[in-house]
Each structure stands twice: as structure tokens, then as C-alpha cells.
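Chain nomenclature is as follows: A, B, C and D, assigned in order of appearance, with residue numbering initiated at 1 for each chain independently.
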Amino acid sequence: MREDKLLERFVFFSDAVFAIAITLLIVEIHVPHIARAPTEVHDALQALANNLPNFIGFGVSFAVIGAFWAMHHRVFGLLARHDQSFVWPNLILLMAIAFLPFSTAFMSENTNQVVPHLFYLISLLIAGLLQASLVRRALRPQYLTAGVDPGAVTAIRTRVWALPIVSVIGMIVCLMTRPAYSILVLLTLPIAVRLLIRWSRRR
Amino acid sequence: MREDKLLERFVFFSDAVFAIAITLLIVEIHVPHIARAPTEVHDALQALANNLPNFIGFGVSFAVIGAFWAMHHRVFGLLARHDQSFVWPNLILLMAIAFLPFSTAFMSENTNQVVPHLFYLISLLIAGLLQASLVRRALRPQYLTAGVDPGAVTAIRTRVWALPIVSVIGMIVCLMTRPAYSILVLLTLPIAVRLLIRWSRRR
Amino acid sequence: MREDKLLERFVFFSDAVFAIAITLLIVEIHVPHIARAPTEVHDALQALANNLPNFIGFGVSFAVIGAFWAMHHRVFGLLARHDQSFVWPNLILLMAIAFLPFSTAFMSENTNQVVPHLFYLISLLIAGLLQASLVRRALRPQYLTAGVDPGAVTAIRTRVWALPIVSVIGMIVCLMTRPAYSILVLLTLPIAVRLLIRWSRRR
Amino acid sequence: MREDKLLERFVFFSDAVFAIAITLLIVEIHVPHIARAPTEVHDALQALANNLPNFIGFGVSFAVIGAFWAMHHRVFGLLARHDQSFVWPNLILLMAIAFLPFSTAFMSENTNQVVPHLFYLISLLIAGLLQASLVRRALRPQYLTAGVDPGAVTAIRTRVWALPIVSVIGMIVCLMTRPAYSILVLLTLPIAVRLLIRWSRRR
């Protein structure tokens, strides 16, 4: 196989792991069984309400893993080649991604508790730092497609810091207010990305 | 990577999520364990009969997710390029698809109950509306391959409404008759597609 | 996307479902937990021995799904194009494949019982017949790559009947001797393929 | 499809199985539920500590399956074609890979017990030997891309023995010291690879 086919296969394997991790999130949600009873409507709504933290965890982690994938898509779209030095940093990032269904379920199963929320945020922080490191390694001149806009490269190098920053703010919020509020902090990720890019353009 | 490779990767990631969601449907079905006894044949048949709603749920959801995939295949087959504005609408559609194994299992585990059936139909309706919105966004002239038949584009824009319409009819049937009948309504999806296309051609 | 890309995507989606179904087989095997005790070595070996039917079911179904994949690989390797008429027959075959982890687990969990073994063999028979039907539909002159050897086409059309035949023989063995022996019949699949091809050449 | 497309599809299917097996590792880890209590912080940390063997098993098996994938990537990157004689040796290797989530969970669930650790190491040894056999079969002159460096071929043929050797050393350590130490032996895999390559160059 040619060099571009090898890059394709490398990217393909990563995509498959992202896709599986993102879809496995739903497997961790327990399906409620409602006894047939005059109260079955109430019981079913109650069971769904009890599952609300799981649904929120599913939605947030789906969006976060989706953002990881979109960044990977964006970065590798700028590359013309890769080499063996990418393989392990990429595998270790994928390990952190594959771990997220567990930390998501641990947080969702233990609503509003400090340790599970911190554990989740730390797992996001680690994945975010591994991604930042991979991005820095990949966006070197020797790998880039000829004619790539240097502004696009700078923008990616900047926006990759949004998730680590938001995770750390989430941890502070988790420890200083209620743990559940830290999830709200994660929802500000798109805003953080925009602020970072605006700040980087000013410099 | 070139632009067509990026579109390929985008489509590939979507395919992987469709494939995983469609195959995970089977994981949610509990495997019955039959005690060794003189009645083991009867007990095994009874256990399979008890699983019948799960098998029906598996079949219906497999067909529905298959139809979502076939539509995605059809739409992206007409495109020559995509841009960043597709990424999130597509990810949100995939989120709704990845959620279907849960709502299928919730419905199948709670045979003929109103809330689980409504919940399933609402999850289908949401996925259907997200798909209609993605299709409208994708089938714009600037993305289409040169020389695509405008009739094919109109047909797709029309048929994408079949699932939302059938889901709403299913909800009405669920509330006014027995919940299990709403699944029969879903089986009319191929007929709804044909009626819609015939109606669109008359106009 | 061009026509060959569409065929690729079609084949890719099928591959992903085959790959997920084949790998999910392991998820259905329950992981034994051994209590710490002076008898832990004996208990662990006993737990593995109890899991033996599950390991055999895993191995047999892995080989069977692998054979389905290899046949799909072989058939679509001869095609130059496909059309919409393939989509649903292929999806229905994939549904039967995605169902196999369930019927495998049902058989393995209920060692040497008639109904679970018959259920498994029937699920194989259905998948085999769906495959034979898809192969007949696909191997028509209008889809074949120019210059394909007609002998190769005939050989595939013949060998696709090996699994249905072996499944039916397995059912007879299951009903007339011990259910577990029907699995031994499945192991003769490679021999059945060779006999069928030899018989077809003689004609 | 052309010959290079068939090789691509073959490699793609393998990649999908590697990706699913590597991601399924997380599904086997049980998510702890912490009761709301004044001791919830302590209980959550305790639950995570109890899961430590599962996290270690996840990390080690992720790295091992990652190494299998990286080797497959490396080997098939040197090939220009494949034939039917590869299909089954490759499927049998994939079977051994798909089995690893089970043997990992069996080891992690039964901390520091001899049988589960030996079982895990034997499953690695078998996968490693199957890989060595596939590599020997694939790296023949008739399949290689023209102009491949013979030194690269020799290096791969040598390094493929690192995992079998390390697994056997792990078994000896498991039987002669504490079972948990055998996992530490696996961590020396990168060192074993380098020693083997250096030794092969000297010869």
C-alpha cells in the first residue's frame, strides 16, 4: 500500500474507535422494567426521570467525543503523511477516549457526588491534554499538505486548549459549588473555543 | 488529505455509528436460561415467546435504522463536497440514532405500555426531524455533484418526511387504541414513502 | 461520490456490521468471579469448564460469521456496480447476521437442550438462505466486472448452498441424537463446500 | 472491485475487529454505584480502588491489542496483494483478538489468582503465535510491494516474536512468584522488541 493509503488506514482505525466509544455510551444506561400496575404510567415517567442524569451524561459525552472526533478530522485533513512516531501517541489518545463510557456511567450513576464528577472531569482533562500533545506533534511542517493556510494551523493549535481549560474550570466549580453544576460548565465549550480563537487573533 | 477524502471520512464515521447502533440492538435482549427439567422443551418455547416483543423491537428498529442509513447513503451519494457546517447537524443526528437501542429496549421490555411506546415513537420522530433538517442542508446546489437529476433531489426531499409522519400517526394510534398497535403503523413506512413520492409527482 | 465509491460504502457498511456481530459474540460470555479460598485453583478451572459450551459457541459462530464475511468479500469482489435493489436484501441478511450473537448465547447457555440448538440452527439456515438469495441477485451479468471467469461465478453460486445444507443436517442430528452433536455437524462445513464444488464441476 | 480494493477491504475488516475488541474492553468493567451517605467520598474512592485491577487490565490489554494492530498495519503496509490463503489465518488471528476482552476481564475480576492470570497469558501467547504465523505467510516475495527494504522485512519477522517470549516469561513469573507480577512482565514488551531487533542486527 502507498503512503496515503497507510495514513488513511491509520485515520480509519481511529475513526472506528471514536465511533464505537460514542455509541457504547448508550449501552451503559440501564433499561428500566415497569411492573404492570394501575400506576404504570406514573412508574414509567418516574423511571425515566430517574434516568435523567444518564441521559444528560449520554448527551454531554456524545458531544465531547464528537468534538474530539471533529478535531481529529480537522487536523488529519491538513496532513499529507504520517510516520511511526504518531502511532503510539494516537493509540494513547484513543485509550483515553475508550475510557470515557466508563467515567460517564460512573458520574451518571452517582448523581451529584463529588468524587464521580471529579473523576469524569479528570478523565476529560487527560484526554484533552493527550489530544493537545498529538495535535502539536502532527501539525509540523514536514507532515502538512503543501499550501495549507498557516492561520488554520494556528487556529487549531489554539482551540485544542478549550477542553482542558473548561475541564479545570469544571473541577473548581465541582469542588466549590454543587458537583452537578460542573456539567453546565462543559456546555460552555463552544463559547470557550470562540473566545480562544478571538484572543489568538488579537495577539 | 484531499476534499473528497474528507467527505469520505465524514461519511465513513457516520456509517460506523449506524452500523454499531444497528448491531447493538441485539445486545439489549436478555438471553434466557432454562433449567434442566422434564419441562425443558415447554420452558424454552415459553422463554422464546416471552422474548417475542424483544424480537419484534429488534426487527423494527433494525429496519428503521437501516432506512436511516439507506437515506444517508442516497443523499451523500449525490454530494461532491461538504463543509464544517455539516459536522454538528450530522453528529446530532447520529446521537439520536445511537439513542435508539435504549428506546427500543425500553419499549420491548415493557410490552403494551403507553409511556414506553410513546417514548420510542418520540425518539423516532426526533431522529426523523433531525434527518429532514440535515437533508435540506446537504441537498443545496453548491454541494451537489454536477449533473444530478433535480427529480432525484426532489424525491429525496419528499420521502424524508415519511418517518416523521408515520411516527406521529403511531403516537395517535398508541394513545387511542392499544400501544402495541403503534408498531404495526411503523410497518407501513414503505407504503408511506411511495404515497409521498406519488403525491409529490402530481404537484 | 462516484458509482464505485457508492459500492465501496455499501460494502463498507456491511463489513462493519459483520465485524461488530463477530466481536460481540464475546460480550455474551459471562465472566466468572472466583471467591478467594483454598480451593480457588479448582474453582477457577471448574468455572472455565462450565464456560466450555460458551467457548465452543464463540468459536463456531466466529467461524460461521467469518465464512459469511468471506463469501460477501468474494462476491462483491466480482462486482463493478450495484443498485438500489441490493440495499434491502443486503440489510435483511445483515439483520440475520446481527441476530446470531443472541442465538449463539441462547444455545451456549442451555447446554445440550433441543430447543436452543434447533433455534440456533434455524437462525443459521435463515441467514444462509438470505445469503444464497443475495448472491443470486448480485451475480448477474449486468453487475459483474468485465472479464470475470464464469467458472468462478458458478463455483460461488454452488458453494453458497453448503451452509443451508449443513444446517438442515444439523437439525436432523439434533432431533435424532444428542443436541450437542449438531455442532459437530457444523464443523464439516469446509468439507461440504469442497464436495459441492467437486459435484458441480462433474455436471 | 480491483485487487488493491480487495486488499483494502480485507485490511478494513481486520481493523474494524481490532477497533471493536479494543473498545469493548471498557464494557467489561462494572460501574460502581455509591449509596448517598456521609461516607460517600470515602466509599467512592474505595470503589475506584477496588476497580484498580480492572483499570490496569484495561490499560495493559489496550496496549497489547494496540501493538497487534500496529504490527498488522506495518505488515500489510508492505504488501501489494493478498490471496484467498490469507483469509482464514487472518480470521483465526482476529478470533484470538476478539477473545481478549474476556480473558482480560477474567483476570481483572479475580485479582492475583493463578488460574485467571495463566489463562490470560495463554490467550496472549496463542494470539502472538497466530500473528507470527500470519506474518511469516504474508511477508513472502510474491506479495511484497516492489522495492521494499529487506531489512524492514527481517525486522518485522524478528519483532513479532517479542509478545510470545514475554508471555512465556510472564507465565513463569506467575507460577514462581505472585500472579500479579506477571502483568509487570508484560510492560517490558517495548524493551523486548528493542532487544530482539538489536540481537537480529548483530547476527
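Please note the rule applied: a residue touches a chain if its C-beta (ideal position, glycine included) is under 8 Å from a C-beta of that chain, and two chains touch if they have at least 3 such contacts.
All of these numbers come straight from a predicted model, not from anything done at the bench.
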Angle of rotation relating chain C to chain D [CA atoms, steps of 5 degrees]: 90
Classification of the chain A:chain B interface as same or different, half of numbers criterion: different
Cα-centroid distance, chain B relative to chain C, in whole angstrom: 25
Junction residues of chain D - those touching two or more other chains: 12, 16, 20, 24, 27
Category of the chain touch graph - line, ring, star, complete, other: ring
Chain C partner contacts - residues on chain D that touch it in the complex: 1, 5-6, 9-10, 12-13, 16-17, 20-21, 24, 27-28, 87-88, 91, 94-95, 98-99, 101-102, 105-106, 109-110, 113-116, 119
Contact set on chain D toward chain A in their complex: 4, 7-8, 11-12, 15-16, 18-20, 22-27, 29, 31-34, 36, 40-41, 44-45, 48, 58-59, 62-63, 66, 69-70, 73-74, 76-77, 79-80, 145
